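Before I ask anything, here is the structure I am working with.
Which chain is which? They are A, B and C, in the order written, and residues in each are numbered from 1.
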Amino acid sequence: MNIPVRHATAATKLAIVDCDIHPAFRKPSDLYPFLPAQWREHMITFGEHLRQGLSGQLAWPRMSASGLRVDAFPEDGPPGSNLDLMRRQHLDANGVEVGMLMQLSKGGMEERNLEFAAALSHAINEWQLETFVKPEPRLRAGIVVPQEDAAFAVKEIEHRAPDPSFSQIIISPRSSDPLGHRRYWPIFEAAQRCNRPIALHVQGFSGGHASTASGWPTYYMEEHYAATTGMQNTLTSLVFEGVFERFPKLKIVLVEGGFAWAPALCWRMDKHWDRLRVETPHVKRPPSEYVREHVWFTTQPIEEPDNAQHLAEVIDWLGWDRLMFSTDYPHWDFDDPQHTFKFAMTEAQKAKVFRDNAKALYGLP
Amino acid sequence: MQVPIKGAIDCDLHPAPPGAEALLPYLDEYWRDQLVDRHIARYSFNLTSYPPNSPLSARPDWRQKSGLPGGDLDMIRRQALDPFGSRIAICNVLHGAIALFNEDMAMALSSAINDWVAKELLDREPRLRASILVPVHNPAHAVAEIERVAADKRFVQVLLFAMGDMLLGRRPYWPIYTVAKKHDLAVAIHAGSTYRHAPMASGWSAHRVEDYVAQSAAFESQLLSFLAEGVFQEFPSLRLVLSESGFTWLPNLLWRTSKSWRGMRAEVPWIDRSPGEIIREHVRVTLQPVDSPPGDTATLLRTLEHIGSDRMLLFSTDYPHWQFDGDAVLPDGLSNEMVRRILIDNPLETYPRLQDGVQISDNAASKKEAVR
Amino acid sequence: MKRQVVARAVEVAPGHCKIVNVNGREIGVFNLNGEYFALANRCPHEGGPLCQGKIIALVQSDGPGNYRLARHQEFLRCPWHGWEFEIRTGQSWCDPKSTRARQFQVKVESGETLVKGPYVAETFPVSVEEDYLVVET
């Protein structure tokens, strides 16, 4: 079970695409130059207005170092804030040919004041470009938009779409209604029209509902797991509201939500879709077919069954086309590309998961 | 496949809940008055989770011309017990009283229902056993009701619901587990919701099918709650039964919790061994629904292998819910040993109270029966 | 076996670690109350820089809601996934394959009742010769 020492592996020689990297501000005021004066003042006076009891911290504290890799702290800021360290420690060291930025906070996805949310969204997208993407051609930004304001979201998507350094759209899966709800459809329409996938990254802040159907968990151990049940819920909604039927070119990426749950959810959706078909005539095909055509999953945090081969069997069912490698750098449950998969993979499988599936999805050269 | 041997123990059967009128004799005069005066007795107390006419709620050949599915004891005998050779069936009567906010009214009705079940079902059919319906939103009431009913050994478990107002592992509910342990009762969480919260982490799904699919995620959250809160450490003899939950989601949960425990152990240091081990020891799951690709025996068998235990599955028909057709209640491809485990041995090991009613000779006789 | 002087003994104070380079391999040298131990700076789980992790006590519990620390500064927490390793032996502390099915016991004395994992960090003998630490690889 101990991993052997290896100096170079197929993974590093492959030049990988990392589908989940988290940039960070050196200090909160890094965002201010990108905000109009009115919203700069608002940010300083009031801060973000989120749906939890604490301000500026999470109500389920993470484990060591705020959930960040202890060895990823630069001298002058939190992990992910220093591009040079990110290059040395991760992009260069791990052969990252292309890295997808996932900006989680201060983009307005979880902001209750929708005017402020719009300003944050616009600012965060500018910040990503100026701070990371322009200086580092290996990195790609995501168009972060507040999903609760579909009209603004569409405008911001259309505004950014001509710029190929934005590879996808980012919204929260912890929305105020399940994402299949028709009020989000203009966002799906814009994504399809502008030919961008939509990434749903696990989000720490609620959109208004408890993270489980029986209320709020007590421990971070439970809340961490709730990321996967929440993703299941979101996917169920997208399928049964007919989103994939209505937007046949729409592509969804589920980021950091795991994937080993997906086959069982597909089987369950298929069985009960069939039984209750009269309720959802707009869902014309078995749910698992939509999942295998429209949904991609990033790999981190990888599951680690005692028998590693079991995970290969799960992927066999889901499809080797569906997975895209991710590290979640610089978070604590980082997956190192050399040691993520503990079962033997063929060269073809490695090429797909570490690079080619992402290149195909994002239209990368 | 059909059940090949006699003597099965069906761990999830749904006789129709009694109408409010039928409960009046079991209530004291204050509650009788309230129910009649306020016209409460005119309502059916159907749970939103199971609309009576929904295809899932009853298989077409299990519906009556008039009356609720599962409302006729003779039909239950002919359709749910005899065809499967079941020696015992555990009744989970899903009555909507527990969805009332008034804790006292919910308590009065729950008591009435439990008394009705004893008289109208258990007294009339010796093969039947039952769950104790309790108003879980008032744990003290729930404890009192369990204490009141526990002397009747035909009640084998406490019935809770998968979606309620608090995660069931939380400490305010522990008195329920204390009294369940005292009386050798299993604790069952059954699919269904009182809708105190939205059924999804992102809110109110539009369709019934979504709510039903989302039950499995709710069960996962409940399991995490029991695990993280240390309920299995505090109550080492607890048997937790997940009813009508599905089970093919188990491998992912076992893998993920076992992994994350290694990094999060300091937050929940009372978890003294791998969550996978704890769950395999304490948790049982009824068979229906079998959420696996139809006609694909190999995938289901691999999933059972991934679960890594032959002790967890408990036979159930989920009658009259429509989860399978004809007599094909068991998945294909199971070994004789696994079939026997699911039908008989696992339920017997799970429910201490069942062991009283089962004679040694029955066991020996059924072991000798040739598998059809 | 190669023996190499890696540091002066006084450079590694009790409760601290010094990461040294021995023939191109990074090794962490730890001082546990005057005894020295050395571990490869490589977590056996996914290769993280183990010895950059925090030196910690073992968190123990008598039951839900009960917390205490024992064996202070005898454990290392990997800076990536937070797994705990016993510095003396390199042994990871959580075992996914335990076959023990015992009930939880109330009295836990020195931590040995926690099941030990199959992941083991590579260890190296360290000796003190005059004032110097010598590592064998």
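Things to note:
By our rule, a contact is a pair of C-beta atoms (placed from the backbone, for glycine too) under 8 Å apart; a residue touches a chain by one contact, two chains touch by 3 or more.
This structure is a prediction, so every number in the text was calculated from the model and none was measured.
A count of contacting C-beta pairs for A-C and for B-C identifies B-C as the more extensively joined pair. Among the chains present, the centre nearest to the common Cα mean is that of A. Between the CA-based centres of chain A and chain C the separation comes to 35 Å, rounded to the whole angstrom.
Measuring from the averaged C-alpha position of chain B to that of chain C gives a distance of 46 Å.
Shared interface positions of chain B, defined as residues touching 2 or more other chains, are 229, 258, 261, 263-264, 266, 276.
The multi-chain contact residues of chain A, meaning those touching 2 or more other chains, are 63, 306, 332-333. The set of chain C residues that touch two or more partner chains comprises 81-82, 96-97. Residues 42, 44-49, 52-54, 77, 79-82, 96-97, 118-120, 122 of chain C are the ones touching chain A in the complex.
Residues 59-67, 81-84, 92-98, 100-101, 103-104, 113-115, 117 of chain C are the ones that touch chain B when the two sit in their complex.
The touching residues of chain B, counted against chain C in their complex, run 171, 229-231, 233-234, 236, 258, 261-266, 269-270, 272-274, 276-277, 281.
Contact residues on chain A toward chain B in their complex (touch as defined above): 63, 173-181, 206-222, 224-226, 228-230, 232-234, 236-237, 240-241, 258, 260-261, 263-265, 267-273, 275-276, 278-280, 288, 301, 303-306, 310-311, 313-314, 317, 332-333. Residues 1-3, 5, 63-65, 69-71, 306, 332-336, 338-340 of chain A are the ones that touch chain C when the two sit in their complex.
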